[in-house]
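Have a look at these structures, which come just after this line.
There are two complexes below, and they share chain A, which is joined by chain B in the first and by chain C in the second.
This part shows the complex of A and B:
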């Protein structure tokens, strides 16, 4: 063990002197997490200005304004009156998120049962504001339609035509009997920084596969590996030393990223013990990937190529670049064939407070993948070292 | 002639380099396939439903939700399972049809239908709008049936059937969206957004990665040997620029072709798209060559290249639309060529723009390319003829 640790310490010293490794393992993920944090600063709270253009000046407009000043809607928007041109210009210039236009004679035509339309002015760059405004207008239109349909159906079902006025007055008091009750999905929704901070940390830690495997072939080329095998050091101790250095480097890189992105950028990695265990499992999978590349490649150059292919292939499949949860089920299943896909699943669950047991499945899965990769590498390891 | 020979040498060396081949040919294909598979079906909102209701009204609502063209519905056995899917964003919103849904509505009482979603999320808001539209439609008929049953002697079920029949005829009040600054309703979402932004992101990253080849050529003395022959330094420099540019064009062509052929991406006006691809390839060639002259080892180039490419891509709107970020970040983003390329693609794909509409971003991209190529060529010439 002490021999392995000596080899690991020597490798780590070399690694930490290599500026490329420092950049990829520590600087790059932090810079990118910082960029993400700044990019999304101030976008977590949703509120916008809604302009209302009342060209109707009838009871419908008044009812709409009353609805807009009700408690739940009031929290997300500030309502102001405007004219059509001013409203369109304000939406275009992003001074307002959207505008509602009640056209002339809207109240009269609505009462007569004609087809009429509320207009929602939106901007391509303010999609969310437009959707909320559209939702408000559609709900308002649905209530008018329901009242009209109620009177119409009652008349068709035998209510005397003479009572139409009374029926209309009664129907106007009705509220749609099915109301959407929006509920938050929890106190901890998944934020962009909480997904991409682990995502980028894991992506860059995968580059350790390249460093680890390259250093092995460099040593073989320069003869240090031969000298080690000539000494009373078992091949297993040499591999253990190499593995240990990759493991320590990967763990340090992930831990640094977790601590700094949480403290400085407000990323949530979940409870410390569970997050730490996922990081350790991920670091172990990096070790087995490195071992696999070493056993599969024959030269430094081949190792480098294979490592690049593994890094980008795993990152793309596992969801480090694309938000894989939003992908179709087949892509989600493919992501769970990768250790980084499982790690991201684990961090997503931990960040959204899924409970203490949320980390167990990902950790077991990552360790399972690690063992399989490790077993393949181990069966070839002796041959490679002795070669 | 020497230029062609030098470009040929560079190409042959590249074709023998599996790593370079991977970056050049395989990665763009993998990227486009992964992105294609990930974001396909984005024209629908993914929603989850837990149907606790027992009765024809709950059944009716469920089938209306499933029939809705804007929704892709996944059913969950209970709320806990759906909350897990929501937390992971596998669905954007979740509907819970209550157990007493029928009982309450039939007695004339109203019922609240819980819709679970994250409130400040764009997809979740969109999904809620689509869900509300379906529920409102269902509620319209139920209100009419309930009202009719209360003012006439008609039973609820008969009144409901009449309301459903009457609902399809007659005038209706609607809400129509009118976009003030574009022909299309929204920015292209899903694949139409991802395909061009990933082209911008990965062609740039690949170009930076290929800068390692220039470093190898310097270290292995390829340039020194070429200069010992009757070949002018200018020929070497032009050959290198030509090959870097050609490779960026080939990569873009692969992404464009597969995107169009396999995933049905429309790349907008062909001359405008071609001009944009060429301008972006020039930017990539300039950046890649600059990397090749700035760093001393291929390891340094790859250590800096990937993070730099990703960081610039993030700033420039390749990972998320710049419309989502604050005004300061948008301004900073436009210091990168990526932002101008994404702006131009947005003009082409979202607003049906032509070559004339993207002249400004094109000019800025070409200015970036000229600046990068000038510095790179000057440095390379200095390296060749100290």
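This part shows the complex of A and C:
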């Protein structure tokens, strides 16, 4: 073991003197995660300006304004009154996210049972704001229809026509009983930095595959591998030393990213012991990927190309660049074939406090993938160090 | 110190080393001489445990090298043909790393590192990165890295390849000193003059076979009264070579660029016939040198080709 550590220590010393390794292992993930977090800042705290053009000036319009000022919706919207032209200009100029137009005679026609419609002014540049405004209008129209239906039902069931006003007032007090409520199984919402910090850390740690495999082929080309093999040291110890250096570098890179992104950007990686175990499992998978590249490639250049394909392929499949939850179902399933996909899932589950056992499944899955990759590499290994 | 018996190594259908046997005693310098591709490096790699022999036996200091027990490697110092050093580490860091592989630790490692740095005359550059060194300095350090653990057998694979004459001289002087200190040395080269200078005994390899071995005197006896005649000429050199082969007393003739190497019984006596042959085929002779029997002549005599063909 001490000989393996001698080799690992030498490799790490070389790695730390290589500026590109420092940049890729430590600086780049922090910078990119910070930039992505900045770019996505605010998406977890949605808010926009809604203009209301009340051309009706009747009770229905007043009810809509009351509803928009109610507590839950107030957090998402800032509502202001406007005119049609001013509202259209404001939406076009992106001063407002969308506008609701209550047409003239809306209240009277609604009470008479005539077909009426609310208009929503939206802009293609602010699609999400428009969708929310549309959803509010649909919900309000559904409420009016429900009110109208309940009054009509009461009148047809024998209620005196003289009580229509009372019935309408009572119906307005009612709300649709069936609502859809979405609740996350996690206790905390997932912030952008808590996704992109581990996402970028894992993406850049995959570059250790390239460094590790290139180092092996460089040593073979320059004769230092022969020199090591000629020493009283077993080939297994040489391979163990190489693997150890990749493992230590990958673990250090992930740990640094976790500590700095938490302290500087406020990223949440979840409880330290579980997060550390996922980091270790991920670092082990990087070791097995490196071994696989070494056994598959014949030259330094081949190793470099293969490592690049692995890095970008795995990052795309594993969801390191985009929220995997926003990807199509096939991609979500493919993400679970990658160690980085599982690691990311583990970190996001831990960040949202999804339960004490949230890390177990990802760790087992990553170690399983590591074992499979390692077994394939071992079966191909005979033609490398030992000839 | 080293005994090889019937060493054989195949790469697919090609037999790179075929039944090679030789031995080296303590304090003896044995040169493996042969052109590129003769099987010298393959033989060395088997002795150093880098390649497994398909057949044969290797014994170092009485211990059989079997590929499973690597402890015997501690008796061998290996100087590869390439500059097997880490350019981004300092000279001291390189030596310390290789020393640790031979289980040197602490004060002993530091002492040996300083000792070797002094030996290869790099003490004042010890803490500079190897990438800043000249080729000669790197070559010296390459040799030094094999001496840290004080091996009983030093194996050097063409250690002077690409080295300037001054550094080459320094390296050969060092090797002579190692031999004088009792170390057994196996030295491969395709420079006949190097083998001539430092080796007590020489083995000549060609196409995987050890075709002759012995002391310089024993080997030169193979060619007896044969001289080597070196000519440079312009014109149809192939026709000239064929014409020379027709001269009675010339047993071998090979072309090497502008040079023609002849092996002749009493070269000086045959010169008029050679010049007449040149005149006949229209070749202009630029220079002629008659060399007393040497290892180059032995190789020419045994293989019919020049050493550097």
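Observations on the model:
Keep in mind that, in the parts below, the second predicted complex is superposed on the first by the 337 of 387 C-alpha atoms of A that agree within 3 Å, B and C clash if a C-alpha of one lies under 4 Å from a C-alpha of the other, contacts with A are read in each partner's own complex, and residues count from 1 in each chain.
Rule of thumb we're sticking to: a contact is a pair of C-beta atoms (placed from the backbone, for glycine too) under 8 Å apart; a residue touches a chain by one contact, two chains touch by 3 or more.
Owing to the predicted nature of the structure, the values given are computational and were not obtained by experimental measurement.
When the shared chain is aligned, chain B comes close enough to touch A:316, but chain C does not.
Judged by the number of chain A residues each one touches, B leads among chain B and chain C. In the superposition on chain A, A:231 makes contact with chain C only, while chain B stays out of contact range.
When the two structures are aligned on the shared chain, A:17 is found in touch with chain C, with no touch to chain B.
When the shared chain is aligned, no partner comes close enough to touch A:69: not chain B, not chain C. When the two complexes are overlaid on their common chain A, residue A:3 makes contact with chain C while staying clear of chain B.
Annotation: chain A residues 18 touch chain B in one complex and chain C in the other.
Across the interface of their complex, chain A is touched by residues 17-19, 22-23, 26-27, 30-31, 34-35, 37-41, 46, 61, 83-84, 86-90, 94, 105, 108-123, 125-126, 128-129, 131-133, 135-148, 151-154, 158-159, 162-163, 166-167, 170-182, 184-187, 194, 297, 299-300, 302-304, 306-307, 310-311, 314-315, 319-320, 323-326, 329, 350-351 of chain B. On the chain A side of its complex with chain B, the touching residues are 18-21, 23-24, 27-29, 31-32, 35-36, 38-46, 88, 91-92, 110, 113-128, 130-132, 134-135, 137-142, 144-154, 156-159, 167, 170-171, 174-186, 189-190, 192, 200, 204, 207, 214, 301-302, 304-305, 308-309, 312-313, 316-317, 321-328, 330-332, 345, 348-349, 352, 354. Per the touch definition, chain C reaches chain A in the complex via residues 45, 48-52, 70-74, 76, 78, 80-86, 88-89, 93, 97-98, 100-103, 145.
On the side of chain A, the complex with chain C involves touching residues 3, 6-7, 10, 13-14, 17-18, 222-224, 226-234, 387.
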